[in-house]
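I have placed the structure first, in the form of structure tokens, so that the comments after it can refer back to it.
All chains are identified by letter, namely A, B, C and D, in their written order; residue positions are counted from 1 within each chain.
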Amino acid sequence: MTDNFPVLIIALPLLVAFILPIVSRAGVKPRNILVFLVILAVNIMLLSLVPEVMIRGKILYSVIGSADPARVVPEGLTFPVRIVLRVDGFSLFMALLSGFFSLVCFIFSLRFIPEHGRKNYYVLLFLLMMTGMLGLEFTNDLFNFFVFLEILSISGAALVSYRTDRSHPPYAGYKYLLVSTIATSFFLLGVALCYAQYGSLNMEYIHRFMNHTLLDRMALVFMLAALAMKAGAAPMHMWVPDTYSEAPAPVTAMLVISSQASLYGLFRICFTLFGNPISRDTINYHTLGWIIIIMGVLSMFVGVTMALVQHDVKRLMAFHSVSQTGYLLMGIGVGVAVYTLNDGGAAYNSYGRVAMAGGIFHIMNYSISKGLLFLTAGVMFRRFGTCDLDRMTGMAHRDTVTTAVFIIGALAISGIPPFNAFSSKLLLYESVYRFSPVLSIIAMFVSVLTLASFTKVFYSAFLGPCRSDILVDEEPLPAGMIAGMTIMAAAIIVTGFLPSHTLNLLVDPAISGLVTIF
Amino acid sequence: MKLGSLLSLVLILGFLFVAVLRLHPVGQPLGHPGVMKDRGSAVTDTANIFTMDDYYIRNGQAETGSNNIVASVVFDYRGFDTLGEATVLFLVVSSISMLMYTILKQKKIKKDHFFKIYNFPTDISRIISFGPYLLYPIIIIFGAYLVAHGHLSPGGGFQGGAVMASGTALLLISSLFTIHIQRVRRVFSFFESLGLAIYIGLGFAGIGTSFLHNFLAQGNPLFLGRAIPFGPNPGYLNSAGLLPLLSLAIGIEVFFGISVILVTMYHVAMDGDIKDAQES
Amino acid sequence: MIFDPYILLQKIKIIWMPAVFVSLFIFLCLIVWLWGRLFFRNDYNRGSGQVKPFNSGNIEEIDYPVPSSSLYWGFRKVLGGYYDFMQRLHNGDLNDYLKWMIIFTAVCFMLILGGLL
Amino acid sequence: MTNFFLYITVVLLLFFGVATLLFKRNLIKIVIALNILESGVNLFFITLAFKNDATAPIFTLAPDLAELKMVLPTPQALILTNIVIGFATSALMLAFAVLVYRNNKTLDIRKLKGIEIHD
């Protein structure tokens, strides 16, 4: 039965989503219980894959529809003929994050989103968004990747415009969908170019026979541009604040992790698809790495400087996600740049791998703390009915839990010890310094500005006199919201205090899964 | 900015033209010329097969029992993609229902109001008001034919479903059917879920081997499991195992899904017209 | 390859142990607190006017908190040119967003395909 | 060069689609441009699958095996998927456009861009 877990993880939420319109006629409670159970089941199945994949380092394959699901390539052939799911360290790492986020955000949105006829659709789209992420992370087939990317973007766009009664959200949804659709169209063009030469859509097969011809490079550029845009990297990041600021808070947290899923796709493309340095005439990995690094540095700088002057709290945090995405890109970019340097792998082993460890570890740390901060932004919105920091004051008098978790999240994302992002940022600074000192200095500077802008949020929203005349909702927070935020904060503290265990258990297998192709 | 983007566009165009020269000439794709040679009765023949497409053409009939190789690719070899695509359609139907929820839940449009706006059906031509009633059964039967013969001839669940949904569009623009939109939408969305549930349920039925495994293909001829030889043949309705069933499920889903989209959009348009009429 | 973070961190001459850091931090806090209790001035009275913040100028006009859009105004003013430029880019125009993507694609084409670098 | 006629059509379709996306300012026209782009990609796939003097990959009532040639089946399956996805995306985008129009009474990007400027 364990052989079927990779496909069950995707198929079970799909089944529940399909019957959800019928179930939700029975009432709110059965619907919530069913959805909660299925998200929990997905998480349990993901955790049950951990010993096999993470500890024993096995790569699980599941061929959908085949008579022998464990055999990827049929006998007598050199290529797979069906869609193959591949669970390695990196995909399981990202899938664990997605599952965790879905659970927390679902708990948070149980009471945060008011009960309304539309909430049925909200739950449904939420479930499908999770499925899209998981499918995108597990699949080893380029076209299947495209399909799941499309599922992810459509559900995201619909959820962004959940508050249709206000004038901005539909336009924000339109923007998100347009950007995603163009990205996926470009991606599909790249897929077509690959298919034209190799006659296959399987990533590992294409990797094995990769020639790095002109067409391959063209496909690489199309995929790179598409996924970087989807992930919100620097010159193409302008849609991020516009859409993140209009979505409800749990959806924004999900959007954070979904942009990480696109980033996952980008890294996969760089390594799993094009990362074969064996053939004669390869692409210049140094150039590719520097493109990613420059994209990352631009994202960091532009994101944080723009965040500093915002006074819409969600817009501020959205600019921060742009800037933190830069860290990830920088770490992986250094890894790509030294991946095939002509020194026998010395640079890669001494600091390239550390930089990648920092980058991948920071994916986890950043998304958890940023998710937490977006959830607290949801609390602010609930209290004051607006996201404008000018009209907020004195939340610390009333919501002590929110204040505490906000402090934890803000300190964590600014890289203050002993929270988790410090260890990943430390790894990044130290290794990137060996590669190019300027990058490291910029990264530290950006960290300082991050702390400055969160100080601003803390000052405006939490400090100051407690005024009940500007509050729109004075009820104490529901247990679900507090539980969601507390789980996130606990995750920050646990990973912050056990960085070496997290690195060993999760990040190292992730790098192995990303770099090693059989 | 404008100039820069225009220059970039032209540059990309130039690179694409260069790329075109590197692609294989039109009409000569990858593949082995021996793929069409006669073969024995083995289920899987892997001699002289070097690309995925050759594999499908040579073994699709024996493995899935479907004469239409595209259908066997869509529903068997890449059935998971089809599931994703059906999910996309379902997703869009749900999204549109969510976005238009407040508009759809407004109080019902009164009959006389409706007639006042559309001058309907008093000064409409007989052909438009009664023609659809004649055409509708024909369209539905043609769509159903496409769905049922998906594994034998051009067509399949998506095409047949889309054809049937065009019947809904015809009814919408021409008949009194539109007054009963509210009740009809719920029924449609129920059947849409049902179609998808059938598809994924058939997928789960094969989970003993693997998800979406075509376990009926080489089984009893009574249950769609008739084996067919390689090469041209007249086609048998009781072949191809799960394929006709999956095709049927997708046909149901697409028909009702597109119908829900059409009905919702039509309702929204009508609502806008009423608002405009009230404002003017 | 062995991937022990301690080895890894020693390679780059850094050892990071959160537990040690936190205990050290608490220990230092204790020392500072003790030092303050022992050697700081004792003539600070809670009930008196000493606790009020000192505001120069007209006190009646500043009994409200500074709005957050006025925070960091010096930063904003010094880098005014930069911010004006950036805000022109983030103006919400969809076409501009897509233009940036096309420009990025073209630059990548030149760098990776054209081999400019 | 006649061999490449279809490819050149694909390139031109892509070019016009992207150019329309960049320089048109109406939300509905942008949806149309996306459809043009998607048709370009679809045509590209079909062109890749084309084989000279070949029939559709269907064995029902096909010519004799000796003179039978078939186009590649996979791209046809892929574009079938892509067409449905493209249809679904355009439907959702048009729904968004309807809502934008109802809320803001305009479909012009230049007029819409003012609605969410924050300092």
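Convention: contacts are C-beta pairs under 8 Å (C-beta built on N, C-alpha and C of every residue); 3 or more make two chains touch, one makes a residue touch a chain.
As the structure is a computational prediction, the values presented were derived from the model and not from experiment.
Enquirer: More C-beta contacts across C-D or across A-C?
Expert: A-C
Enquirer: So, what's the distance in Å between the C-alpha centres of chain D and chain C?
Expert: For chain C versus chain D, the centre distance works out to 45 Å.
Enquirer: Which integer distance in Å separates the CA centroid of chain A from that of chain C?
Expert: 23
Enquirer: Return the distance between the CA-based centres of chain A and chain D, expressed in whole Å.
Expert: Centre-to-centre distance between chain A and chain D: 28 Å.
Enquirer: In whole angstrom, what separates the CA-based centres of chain A and chain B?
Expert: That pair's centroid distance is 32 Å.
Enquirer: Would you pick out the residues of chain D that each touch at least 2 other chains?
Expert: 14, 18, 21-23, 30, 48, 74, 78, 81, 85, 88-89, 92, 96, 99, 112, 115-116, 119
Enquirer: If a residue has to touch 2 or more other chains to count, which residues of chain C qualify?
Expert: 69, 92, 94, 96, 98-99, 102-103, 105, 109, 113
Enquirer: Enumerate the residues of chain B that touch no fewer than two other chains.
Expert: 2, 5, 9, 12, 15-16, 23, 29, 31, 52-53, 56, 78, 81, 84-85, 88, 91-92, 95, 99
Enquirer: Determine the shape of the graph in which chains are vertices and touching pairs are edges (line, ring, star, complete, other).
Expert: complete
Enquirer: Taking the touch rule as given, give the residues of chain A at its contact with chain B in the complex, in rising order.
Expert: These residues of chain A touch chain B: 3-4, 7-8, 11, 14-15, 17-22, 62-67, 69, 74-79, 81-83, 117-118, 121-122, 124-125, 128, 131, 135, 143-144, 147-148, 150-151, 154-155, 157-158, 161-162, 164-165, 170, 193, 196, 199-201, 213-215, 218.
Enquirer: Where on chain C is chain B touching in the complex?
Expert: 96, 99, 102-103, 105-107, 109-110, 113
Enquirer: Applying the document's contact rule, which stretches of chain D touch chain C when the two form their complex?
Expert: Contact set of chain D toward chain C: 18, 21-25, 30, 109-110, 112-117, 119.
Enquirer: Write out the stretch or stretches of chain B touching chain D in their complex.
Expert: Touch residues, chain B against chain D: 2, 5, 9, 12-13, 16-17, 20-21, 23, 25-29, 31, 36, 38, 52-53, 56-57, 60-61, 67-70, 72-74, 78, 81-82, 84-85, 88-89, 91-92, 95-96, 99-100, 152-154, 156, 158, 231-235, 254, 261, 265, 268, 272.
Enquirer: If you look only at chain D, which of its residues touch chain A in the complex?
Expert: For this pair, the touching residues of chain D are 14, 21, 27, 30, 34, 37-38, 41, 44-45, 48, 74-75, 78, 81-82, 85, 88-89, 92-93, 96-97, 99-100, 103-104, 112, 115-116, 118-119.
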